[in-house]
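All remarks here apply to the structure that follows.
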Amino acid sequence: MLKDLVTPENANVFVGKLGDILEKAIDKPLGYAINWGRIWSLWPVHIETACCSVEFGAASSPRYDVERFGIIEAFGSLRQCDLVVVQGTITRKMAPRLRLVYDQMPEPKYVIAMGACAITGGLYFDSYNVLPGIDGVIPVDVYVPGCPPRPETLIQGCILLQEKIKRMKARKFV
Amino acid sequence: MTAELPPGLALQKVDERIMTLNVGPQHPGSGHMRIVVQIDGDYIVACDPDPGYVHRGEEKMAEYRNYITNIPHLERPVIHDSCNVLYPYVLGAEEILGIEVPERAKYVRVIASELNRCIYTQYWLAIYGIFLGHSTMFMWPAGDRELLIDLMEKMSGARVTHAHFVPGGVRNDLPANFEDACLRQVNYFEKRIKEYAAVFYDNPILISRTKDTGVLSKQDAIRLGTTGSVLRASGVDYDLRIKEPYDVYEELDVHTNVMKEGDSYARSKVPWLDMMESCNIIRQALQKMPKSGSVRTKLKPNPKTKGPETVYKRVESGRGSLGCYIVSDGKTEPYRVKMSVGSFRNLIALPYLLKGEKLGNMPSVYWSLNYWPVEADR
Amino acid sequence: MSVLAPKFKLSEFIKSLFDNAFWALLLVSLVGLPLIQVVLFYIEMPVINGELLTPFLALTWLADPSRSLPIVKAFMATDMFRVMVFPGFGFAALLAAGTIFVERKMLAKLQLRVGPFYCGKIEGILQLAGDGLKLISKEIIIPAKADKPIFWAAPVIFVATAAAFVALIPVAPGGWVVADVDLGLLGVFAIIGFFPIITILSAWSANSKFPFIGGIRALFQMVSFEIPLILSLLGVVIVTGTLNLSEISASQSFFPWIVFLPVGAIVFFITMLAELERIPFDLPEAESEIVAGWLTEFSGMMYGLVQLGTYLKLYAFAALFVVLFLGGWNGPMIVPPFPEEILTEGIVLGPVTAKFPGLPLFDQAMLNGTLWFVIKTVGVIFFILLPRGVFPRIRIDMLLSLGWTKLIGLAFVNIFIALGLLYAGVLGPGGLQ
Amino acid sequence: MSEETEKPTPETTEKSVAKQEEVIELPALEKGLSEKLTSKFGEKTSIAFVKENRVRVDVKKEDVHDVAEFIRDEMNFDHVESVTGVDFPDDKEIEVVYHIGSYTDNSLANQVLTLATRAPREDIPIPGKDGTRLPTLRDIFYSVEFHEREVFEMLGVYFDGHPDNRRLLLPEDWADLPPLRKDFAIKGR
């Protein structure tokens, strides 16, 4: 009688149920905690693509100081970063490199398109060497308009990204 | 085999001892370019700069826009020095369109371009600090340049991309009480940058790191055609504000700072000395400026030119002599616009200087060339 | 809190925590307690008040505070507690975490900024927790051509080695040290010798150019600075005549050795900066030259572990400086003595009476020693952090010539000073001490 | 131009008169430079204009090397500021303009000597393998190295004798016309 109950199929069902219960229990608090950590620790990759890098540098200067939000500028290796701020125009020579940088970063990774050039090509819409926006190269999370955007705008973009991360599911952690 | 590959892709055969490093475009010490460095142990045996990551075809675009609408995109190569980078184009366009500039506008231009030179040099100094691993030296200049950016914002309305110079003068007049604010902030700014000596220029580690590295002798500086602070750090007294004065520079008392050593330290110190000189020039210009008057000769939106003409105008920008060659064929658009920029001219010294240098000196030598990749690529 | 993400609330988080706590309690009482009972039968229990603790007693005594205190005390006397919590890993990790936060805040203040501010509402105190949680949840990338076992093991070994270093540091009198060995200082030298090996192994296994250069640089730097480091400490050994760190610490009850051996202290401080890869000696991680040096290929928690190990090492070196030159735990008694009745009877506060004999878990001398030790260590850590805001990075050839010529010479000068003090009779038998 | 500037006010006429006098007086040095060139090379060079601080010399592509050598050795000009290529599809020619300046000679510090030469132009260019060729000036003025590389990729003018005729600014996979030629149309125009 008991032997009939303890079959591999039943054990599978039981373990699966237990897993579901555990997941349900863990998902909410752990997801909250991990998302909270990701919000306050956005480390941008050190890749400059065009002139918006000046304003990106100004954003970490004492007057604007993005480190208040946990964003450290001038970080060394891209393996430890989670944020790509595309600072302006992407030319045809830079686009493959940008994709390469994006591919080499560990999940989760976020992209901020900074400046009109990164969004649509901006002032250089008719240039022969400029891509019309970076949507074709990498997926973008937040668009920060301006030519170049003021540092305040960039900071607002970062806050918008934080709002977006809050809505995301933290399930894809490794 | 190499013949079939397109130029620039040919692979070189190298010794096994020699390691090839790709410094850039994603590298904390490269900026917007790639430097292919071959090292033997700690010594650089060859260096091949690979610019062009921000090549946006501005010279081609300038052929499709008229003399006024060219202004916004021609200042983008150096947005933190936008007045100076636009200056030769505006001077050339004025000659081609045949218009006179009011006296007051000339003084406003001088003030704006000197303020912009300080803003540019401060940012350059900030990056120089971070290239040497000195994070305080990034933050201090990056914070202090906001003072002058405030002034420029008052003057032109935009933070960095001013588009303030137009053929015929400047776009709008100075706001009320600008002179007092300018004098006050410039005085404070000068006091601030003098403090950098204590933490940066007199720092024993910095001196021992940059002295006698990347030495560019006077003959080589002339032969390579370098310009700006690189040239002046090698002992050549050449400044276009004195040698070929444009606008009202001949009425002002301008001095140049020349150092004889020609090493990275001298190249990093000359722009800093130039900033103090710029503060002097601003104070003089504020004193001599006509207190009232027109600042702009009005133009039609699509102005006509006098006829076929070629113009080559030069100014002294933050990175050295900046020339603009305009070919006009009598139409409303220029036939050809060529920007001869200081960064591009100084780039040629990089492989020359880095050869035989240690890898640790690469960032300091590279950035001491006063090189802004976006401008070089155009 | 926010319009976009209404579910992202602290109250929701706490509610879900309560839910989980309820289920956890249920499961513990049904499954956990029987399991613990089974486990307790198999481990050795301490003897308390002349009575052997049995598993049944352990569970029943937990209900009575006056009887559970001896259990706690007994467990605090175990080696496990020392290794995991107080003089060992936990204490050091706490100080290391504080160091990272203080470093960022201090650097920001030096540069006229604010530093981390919004994370954790009050001056960004939770910034480190945020970074840590993010790093734990981040993907770990192993390069395809890496030597995988070594690459995986390197960060773990790094932290383990740093923790082994921490284990040799005496924190307070009365044997508050994990490993009280007679050859303690030699043990320190042996452990320091492991760091370059780990660095070069991890750099080599990553199979990438920039880590390789960084690893080679780290090897050069650490090997060339280890010799002046060892030599600079020999002065203290000569003067005290022992290698045991606890005895060295105890020998400075009247004056710290920095008074007599300032040269050795300076040499040790400089070599310490180099061993820790701090600016101006952070060549293995020089980001403007070689991306991030030997850390370039580490991602996610592997990077986090290396950072943890680095700051544990920083704490250990600062503590070693305190033990050898600044008098260790010695200092004026500032903790007030405990009243006799608290020790024997417990606390009596008006109507409230709680008779828990043996309440202060630590004695007065130990608390005072720990307090002085922490104060001095924090001071030294502050001085280690300070050069980062003031100095640029040095170059590798300058560093090597500094290590091999100047510092070794100074270290020998220090040894001669120590010998002179000893033979002149200033120190040692018949002298001051 | 607006109406105000078309009707010259008394002030501007005064200025223009003053300017005309300057034009007569000033270019003595520039005249000397141009006469020096024409006396040496005669027919081979043609002075296009002499303006204030600017002299322009047009030469054939066979003579550009000799003229440049003369300019460096005898006239104290020591560096090239910029090399510009201008496309003239109607003339079937590409003009390459060298702006030459001097650091060593203080009297020439404000002078820019413009040396212009022309190369034949192919309708269907194969950069580096067709007739659009010029002799390089790199052995005379070292500073033209990157400028000539830029002209090569932007206009397809191959410089014979240049040691490093590789691509500089354009992407590696660029397979279109050289972009600064007039028949290369940018999108939407």
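Order of writing sets the labels: A, B, C and D. Residues in every chain begin at 1.
Here is the rule we use: a contact is a pair of C-beta atoms (placed from the backbone, for glycine too) under 8 Å apart; a residue touches a chain by one contact, two chains touch by 3 or more.
Protein names from UniProt, one per chain: A = NADH-quinone oxidoreductase subunit B 2 protein.
Quick caveat, the model's predicted, so the values are computed rather than measured.
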More contacts between chains, A-C or B-C: A-C
Centre-of-Cα separation between chain D and chain A, whole angstrom: 49
Computed distance of Cα centres, chain D from chain C, in Å: 68
Chain A and chain C: spacing of chain centres that average the CA atoms, whole Å: 34
Residues of chain D engaged with two or more neighbouring chains: 170-172, 174, 179, 184, 186, 189
For chain C, residues that touch 2 or more chains besides their own: 111-113, 287, 291
In chain B, residues with contacts to at least two other chains: 27-28, 52, 55, 57, 60-61, 64, 130, 135, 138-140, 143
Contacting chain pairs - touch in the sense defined above: A-B, A-C, A-D, B-C, B-D
Residue ranges of chain A in contact with chain B within the complex: 45-51, 53-55, 57-58, 60-63, 74-76, 78, 89, 91, 93-94, 97, 101, 123-124, 126-130, 147-148, 150
Chain C to chain B touching residues, read off their complex: 107, 110-113, 209-210, 213, 279-280, 282-283, 286-291, 388-398
Residue numbers on chain B that touch chain C, as the complex places them: 19, 21, 27-29, 42, 129-140, 143, 199-200, 203, 205-206, 208-209, 358-363
Residues of chain D that touch chain B when the two form their complex: 1-2, 4-5, 12, 15, 53-54, 56, 78-82, 84, 86-87, 97, 99, 103-104, 109-110, 112, 114, 128, 141-143, 145-147, 150, 153-154, 165-175, 179-180, 184, 186, 189
Chain A - residues contacting chain C, complex: 25-26, 28-29, 32-41, 46, 62, 65, 67-70, 74, 76-77, 79-80, 82, 104, 106-108, 163-164, 166-167, 170, 173-174
